[in-house]
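Chains here go by letter, A, B, C, D, E and F, matching the order in which they are written, and residues are numbered from 1 within each.
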């Protein structure tokens, strides 16, 4: 089975990160690839940047289907281009935000999302509303570290633990979701940090990993999006893409 | 006061149509302008095409603010680029879908949206959900005439009347909203058509006109979007725009 | 165009206040009038007082339509008599509470209402629920100054700023709505007060002004309430009115 | 225990009807009384008429408390004056609409309300929304017989059975609620009518009777409304009441 | 009229407690009985224990109907076996949780439930969700006293007052509901305790008593659950019961 | 990785069916087992039968954890015992109903569930409500074939196709979910049947298979339920289990 991670940014570094983080949990027969965009933003921290990425994410997903890929992930917690791409392909297109909110609802009473910037609140609330899960969203909190500085993992984990503790103790969260796929691979460390603060009963969802495993599961079943929900757009003149 | 209509498509024709339809209802001191996009789709009939338009809509709205415009409309019932643009400007950015759903809720019990294609159902449902108005949306119906063929007004009005009657009689609609700003100027004819079928008590909302009047009203009051909801994105590298 | 403000109280003073506050933002061709009630309460601070006002508000609105008025406002944040009046007239009947909640939802993520008394909580929650916007209502706060003492504007503005700051910082409000139309004309001062406290990104809605501008906009479009939602009541014996 | 039924209309006939219908199901120690209004409408078939009744309902409820009554019912399916009256008294004030929707939700999956006129749809939807039960309301249907003609019981029952069958078979209702307290005493006949059509599994709620029994139950427990929700209005000048 | 309280636990003590607490508020002609289970848990403080009780609750309710009982209560705030039992009998089966949430919504703006253990949060949230009342549930709080230690009434009342005060002051509750039927008979003492803290406007619901009075009221009316919602299960092989 | 399917019925036949249907889609390193109950019902077609099964499902799940199993499924579309079991174990406990509703929401606009009997409507509505997805549930339909007669696959598939077509054409379903895990293995045939009727754009979810794949995915990630949501019950006396 072929799974491809679309990094919805121009940085090539993320391709390596995804392969590194996801390979250890891949099924033995999963062939994993990752591609960044040819055009778009360096990182996504606003609806504007998600909008810049979306057309190019769709192009990469169309290409993936042509390459025989069985399922793709748009690897950002704003799910950029996910709905648009579903209109063009028949393979599953997984959005980490949508996926982690649904699975979090299955795992616990209420979840908090710990994102990078305070500006994340509206988009995450809107994602929750679209999914019907707004009353399960305990809070959106921010570590106030930009995406491109997440590579200082020690600092990022420390801030994630700090905000996760507040989410649990002040906002009533029973599940934590990372608000950025750039936090991939930090869940174990954050769970450890929570345990040091006496919180041993709250799962931490790494959306990049979860989206990948759900992509595998759907591909395995031959299950994909409803083309009645996402019909193919009519052909027409397009300029600039 | 300066109001600018952003036509989120590459066709220049729509600029003239908007000026023609909106000028008669403009305030005496309103200076109205309309601009199409330099790049993007010929028309918007899918989430994909809305995604193609969005980055270029934002650019035109940023330009409008620089030109001293007091309020802008992204003139399409998918509200393309509206939220992204609000992040970059401080003037009101009006989306016809959002606006007409809220005003329709004030005018009647439940509303139906009569769009161009059946594919409109999911995006309109999602817009309603984001607005909190999903239980006010009686139905989404389609006239099955592509946007670019709406210029045959007789045919379009006939189809709009037919679907509106069904929306009222079968779906329980108390208000009709046009599902495409390309239907601008047809409301009076559709109301006449409804009257011929004995339906005299259902208002028909022309979202292009309504969005324009709400833009005027907000600009008049100096009222705009919350920058706490739509904070300015951080500066970063962007390729291809 | 003729717009009439119905002051749903017996005090004649409010007529002058409305004319003074609204005239500066009226369109050049808007003919503005204001009338108080012949019978009813001195001010509205409870559901009981709104109930006392409602029959007389309807009478004044029926009279307005006979006078050729194009749109009316029931100028109180409990929207007294609004739905009942819509049953008798075909012109738009605007309620400031309903209007400001819908527009606030368009302007920002969540709004708080700053009312006069703590007793406002239930009625505002119920208005939000009826509008489908209860999860957008961050909080209802009170300045604890009765309506008839709002004329001490310095005191009122200071209290409004104090509660607005709390609404933003403690309740997560992104937009502020005044909870009483007697606060008309204070929005600029409250925004200034917020700015002094470092809050520069939160719009303040003056519902009296907003309702007036929306009345103008709807009248301009010839758009009014659905008579299918608000059918004319059958004739019957009525005693005491 | 003393229970008083407030007939929110000027007709004195209803007093007798209520005593006749409710006495057979009253507790042995319940002292039942009924009073009509001194001013108001002959019947309530619109929000307007409910508004005319409300101030006078409140007066009768205040009087009831002074008379040592333990609980009152505002005997109309629009619950006129119920919330306003709760602000002035400490005894339970029961609204048949609110009560029957909550109990119906306990008894079955979804309920339909069979009212007198089509105009009932919006007010019942709004009552359901305020109660949080809008997705339990399968439909609102009308028998198209005015309140004052319900005395032709054979005709009324026949029409109620006809609409109830449709509510069950077409709208998926599992419980039927009468939409007018003027239908008091017809539930058994309607259940018989349903049985003749093969529908044996759908309870029919007579809101006048249910409201009365719930009034008894609350009075028995000494349980009443929250004065934190319904605080006493401040004293002020009132003209015309 | 015969009402039977099913104690969904193996302890026989509760039978006496129920008779003692409920008899004083019973109607003169009510014949009250109480039965515990033959098998099941000693108390219910988890979904697991409610699951253990449910099959045996159903058996006792089937037996009650055979004994000519007119209505039954499953006397625990998790409503164990209530829906399953409704499938087998035609008499009303009352759940204290469902009942008290609906009545609390009628009595005030928002309610808090004060339960025994923190583990109660999810089940009460789920009960509220099923009832459609989740946005009326201000909070779930715990006194951290196990059910079987509630017999120390002084301690229990003190803890209930403490948590009720917090529910009112910090969570915005307007009505308090006891989260355990083992707290039966403590409402008056808790209201007294609240009054000592200056809170005089918040009713306290004793779910055991309320469920009993609602059972009487429904039995009096001959009103029961919809068998369309709760159809009789098909006969089949069952092992172990 | 070890996955165990708990068949919540006494029939041993289902163990074989599950192994046969799930093995082909199992990961190469998945060790699959299936166990039926020692006591309980022959099949589950009511809330009553789900209640009979629940205690024994919990016992089997506790046993599974002791056996080193990594994730379990309670293999019935009423998710019997799922929440109770989560209180006792730390491994993921998957409910097919909860899982398939969440994944269906990710795959399409609205889903219908095609169950065995009409009695399924309430429980599925309640499951949807608990998940927050009630407005995504287009309809619940029944094939009117008891669980134990599903072995006539030709008849079952024909009935499933018939109801699925109606769900799509009359109820607006974009995704179909089987309402019984006894329908495992029929999805491909139903999709073929839909295709013959011209419906090529609607995915069909086989909940037994989906639950199994999600169990694998969660076990792979070491992700399980929140013990803050599902805390371990206190020890106490239990009789009869």
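The rule is short, and it goes like this: a contact is a pair of C-beta atoms (placed from the backbone, for glycine too) under 8 Å apart; a residue touches a chain by one contact, two chains touch by 3 or more.
These numbers were taken from a predicted model, which means no experiment stands behind them.
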Chain A to chain D, fewest steps along touching chains: 2
Between chain B and chain C, centroid-to-centroid distance (C-alpha), Å: 27
Gap in Å, rounded to a whole number, between the CA centres of chain D and chain B: 43
Inter-centroid spacing, chain B versus chain A (mean Cα positions, whole Å): 30
Interface hub residues of chain F, defined as touching at least two other chains: 109, 122, 132, 134-135, 229, 231
Chain contact topology (line, ring, star, complete or other): other
Contacting chain pairs - touch in the sense defined above: A-B, A-C, A-E, A-F, B-C, B-D, B-F, C-D, C-E, D-E, D-F, E-F
Residue ranges of chain D touching chain B (in the complex, touch as defined): 121-122, 125, 134-135
Interfacial residue positions of chain E with respect to chain C in the complex: 109, 135
Chain D residues touching chain C - in the complex, by the definition given at the top: 10, 38-43, 45-52, 54-56, 58, 81, 83-85, 87-88, 117-119, 122, 126, 129-130, 132, 146, 148, 229-231, 233-234, 236-241
Complex interface listing, chain E residues touching chain D: 25, 27-29, 98-99, 102-103, 105-109, 131-136, 168, 174-175, 200-203, 205-206, 209-210, 213-214, 216-218, 220-221, 223-231
